[in-house]
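Think of it as A, B and C in the order they're written, each chain with its own count starting at 1.
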Amino acid sequence: MTGFDCVTACARVARVLAVKIAVCVKQVPDAAAAKRLDPATGRLDRSGETALNATDVNAVEEALRLKEAHGGEIVVVSVGPEKALESLRKALAMGADRAVLVSDPAVAGSDLVATSHVLAKALEREAADLVLFGQQSSDSDGAVLWAAVADRLRRPMISQVAELKLDGGTATGKRQTEFGYDVIAVPLPAVVAVSDAINEPRYPSLKGIMSAKSKPTETLSLADLGVEGERVGVAGSRTTVMGMAPPPPKGGQVKIEDDGNAAEKIVDFLAERKLL
Amino acid sequence: MTAIRAADYPPPFSSAEAIGAPTDAADERIEVGVLVVGGGPGGLACAIRLGQLLQEQPELAERLGDVPVALVDKGKQPGSHLLSGAVMNPRAVRRLFKGRPDQLDGIPTYGEVHREGVYLLTKGRALRIPPPPTMRNHGNWIVSISQLARYLADQAETAGTMVLPETSADTLLVDHGRVVGIRTGDKGRGKEGEPLGNFEPGADIVAKVTVLAEGTAGHLTAAAVDRFGLHGRNPQIWELGVKEVWRVAKPLDRIVHTLGWPLRKGARYREFGGSWIYPMGDELVSLGFVIGLDYRDVELSAHDLLQEFKTHPFVRKLLDGGERVAWGAKTISSGGFHSLPRKLNAPGLLLVGESAGLVNIPRLKGVHYAIESGRLAAEAAVRALGRGEVPGRIGALDSYDDELLGGYVGRELREVRNMRQAFDKGFFVGGALASAMTVTKGKLPPGELGTEPNADAPLLKTNRAAGYPAADGALTFDKLSSVFASGNRTRDDQPNHVRIERRVPREVAELWSWMCPAQVYEVGEDDGDGLVQVKLTPSNCVQCGAITAKGGRLTPPEGGSGPEYTLT
Amino acid sequence: MGTTLVFLEHHGGELQKGGLGVLARAASLGGEVAGVVLGHGVQDVAAQAGAYGASTVYVVDHETLAPPLPQPRVDALAAVVAETGAENVLFAGSVLSADVAAGLAARLDAGLNWDLTDLVADGGGLVGKRPALGDTVLVDVGWTTTPRLALVRSGSFEPVETGGTATVTPVSAQFEDFSTQPVLVEHLQETTSGPSIEEADVIVAGGRGLGAPEGFKLCEELADALGGAVAATRAVVDAGWYPYSTQVGQTGKSVSPRLYIALGISGAIQHKVGMQSSGTIVAVNKDPNAPIFDFADLGVIGDLNQIAPKLAELVRARKA
């Protein structure tokens, strides 16, 4: 093999090994701030303090581990208001390389159909080898987003992943279901949603936090992505929130004192409710 | 029979533990120009003023490197650990933002004080009394100190400060007799201190000047005072305040302070304190109960006193139809002038705000002192960093002391210097003495009153707890649900950050158990010799600092843990 | 109301209870109700749906659908929707169905509401009820277009045996290349221990009232009898009585099993927020003023050391 062939061969191997990972993260109202539904919109009042969604931190951590093992680049992507940049900075502080925020007032009020459309457009632009999602949004407003995005991107997907490996151009995930776990392999490029069981996220180091402030951050509008107004917001959504009420009082709370028959009474209670 | 004192069972802690030389390799250390420890109004004012000055002096800014000003705070974000009434004298922010009306106008407030009332409470009645001369608040601003800090942090960042929340200051770095920075706390340790999977060691941050603005019961401040022999004439003493914010049905039209019930007047109890109730706009009310930690009764509980206080018809009426939306607790340094360190600076070090003891208890004012001292500290630091100066030289920062104590902060503290101590003599005698002091601006009575450390108070027991109301979940609340309302969700497997003697007489264990607003301490099993074990749940801790006053030592836990105050 | 399709999951040759429950609910919405069964060699399984209220069952039977993977099911379901012009597509919430429903929502640009605990017909349309903020409020949600996709919270509805039969109608589907790219390498490696607390349908949790670490044997016995998992409060985990992984609460895990039995637990809010959306809460505590009695469905004031073993015994007897 000539020196030139060797160089191109190495370059090809390096390209195969190094992986570009896009991590989709969501900023949610901080669990500590009292959560409220905004009576005007019926949606979660997001004006309070905000933090990176807990499982998204697991996704960022997984991306970091993969990058440490294989080399490559990590870009964190989010759709949200300007202040979502703070959460993106947390991901940068952990070690992600770049952040992309799609921030446009027209996006407000978007449901799954609309949000997945915008996110897919942003991800197409990145053309990552692997797109990672965190599995559970603590405000459960973003649950199941990954499956919708994977369909729009026309990429294979694995969700509920508790263990992830990359080998050559294949991702193998251990997927947890109600019945046990399956092991599934997908060729890259692919979409993977990870569960919080997958890893213990690192704390950003002080140096990481300080350098995060100078890492590249892009803020995009819908126009930058070529997304039309009618595909987002209330117009682009296919679901509505109509009103809210306290839940119906839990039928008949019962309180009894044990007179020797408590166990029997409990069994009767459970049987009545078809819990046995 | 000798009285039992918490002070006889000191915690396993020595200041030397919090002082050390840098340990990271020289090229691993994080270098900044000026490091501010603490993101309260004092630290933030210092950072803001530094930013202003560095803008005017670009070559100095250049010399200070990539990060000319850095500020660390142990809370989740600036404001997370801040709690106060608060009615703030705007004079210090006006000075800080002189010539910058936009920044001044942007300060979040709940309006100016127009009306105020002081009431003496008895069990069933509230008697309006003329406000003592120290309590004239007309024109002062009602603020949430937590919100104020968030605003000031934004201003500090805009002015060029690198704000680093979730970062605790564990050790003061001292090298060749000079303060050279701090070491931040580790993260990711387990219950026994063992490194967990995501262990992240702390880092040495080295700076040319270090400003300690840690607030009440400052960890590094106390160590620095010991290390550099800066003890003041009297030891520091504290009050403990427990606060709630309520959404109310009817707006409150005045700020209110109360004295008297449910505290006892007799001198032997040493129960000094009272309450505040402040409107926060039309929809919210801030209320809190404060008690001096020199009290003697083992069963005194500031949290439960607040709950009891709310059952008074006067207060109940104000809260009727409302709901509690926040809770928190924090100590206040109350030793005043004589408890100030004899110097507020050391080589490479400046002490700012409440951690230096700059609080005027009779006026219930400290926020503007913190801001003013932060501003002056910044100016002294910049002078000492000027071309040809060496900030580590002994005396290089003395101009800070001169300006601060020569200005209104020093003057006002001196006027009321004996007032708090007078109340050791009980409500009536103390009250009379306080009046005398006010009228004569501190000249009478003659002499200087000493102070006993809070932990020295001989304990007594009077079945006081029988008077506390049971929690009803609507007007009155238990400690655990209150800790929840503070936003505290500290992970449970963190190492214990509270230093106390674990085997103590039952009375001392009970003292701590009642004292702590967050139910960190519980009386454990009998340990023989008339001693009991003290059971700890450190993850409940809201870092109020009371234990430091009453026989133990609070050290900073992992950065980012503790309460997440937003409205206090 | 037009046709409502109900996605019926199956496992080991049996239709899953969740989907059958949704089928029962679908009958009350008006319009035709049909089941959808996807898989390979599923004709017999599909026919079972007739006994639970489906008049028709659409089947896509293809080897691509043999492994329990979501993306080929999106292709197949899209084909069924196209063929039937269905107005509603309902799913009982599960790991698989969540992925399928969301993928279908994107494929059809159709609205999807999830975590619903109820569905009602309303003026020609559909209204879903969805708990929010830790189940402290119930939000009304709707759809602006058809088909309407809905994911129902598992366990919300009970199956109803109607004893009927269903017409099994095959539908053919084309599969996208990307859908067939995931490959099942290993299937159903069961974890040796019982269900994890996050997945368990039944949880027996122990607190300080157990008295000593040995008290957890009572919890384990009862959990075993009920086929559930054992959980613990912060206090006992702190004291080292049970592992941290079983801690339920604000600083532990959040769980919402169908049945939560709390033994010797006071019910402080730090614990409550981790389990308050459980279907049914039964508490045994000897302190009549324990806060847990404020929100337990069945509160029993008594000695858990007497009650728990007896209860385990009775449950075993019943199940036998």
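Rule of thumb we're sticking to: contacts are C-beta pairs under 8 Å (C-beta built on N, C-alpha and C of every residue); 3 or more make two chains touch, one makes a residue touch a chain.
Please read these numbers as outputs of a predicted model, since none were measured by experiment.
By number of C-beta pairs in contact, the leading pair of chains is A-C.
Taking the mean of each chain's C-alpha atoms, the chain closest to the overall C-alpha centroid is A. Among the other chains, B has the CA centre that is most remote from the centre of subunit A. Per-chain Cα centroids separate subunit A from subunit B by 39 Å. Separating the CA-averaged centres of subunit A and subunit C is a span of 22 Å. The geometric centre of subunit B is 49 Å away from that of subunit C, both derived from CA atoms. Subunit B has residues 489 in contact with two or more other chains. Within the complex formed with subunit C, the residues of subunit A that make contact are 35-37, 42, 44, 111-113, 116-117, 140, 143-152, 154-160, 172, 175-187, 190, 237-248, 250, 252-258, 262-267, 269-271, 273-276.
Contacts from subunit C toward subunit A in the complex involve residues 11, 67-71, 74, 94-96, 98-107, 109-115, 127, 131-145, 151, 158, 176, 178-179, 181-191, 199, 202, 226, 258-259, 279-280, 282, 284, 288, 293, 295-303, 306-307, 310-311, 313-315, 318-319. On subunit A, the positions that touch subunit B within their shared complex are 30-34, 48-49, 200-207, 209-210, 213.
Contacts from subunit B toward subunit C in the complex involve residues 473, 480-481, 483-484, 489-493, 537, 539. Interface of subunit B with subunit A (complex): residues 30, 67, 76-77, 162, 164, 167, 184, 187-188, 196-198, 200, 202-203, 205, 325, 487-489, 564, 566.
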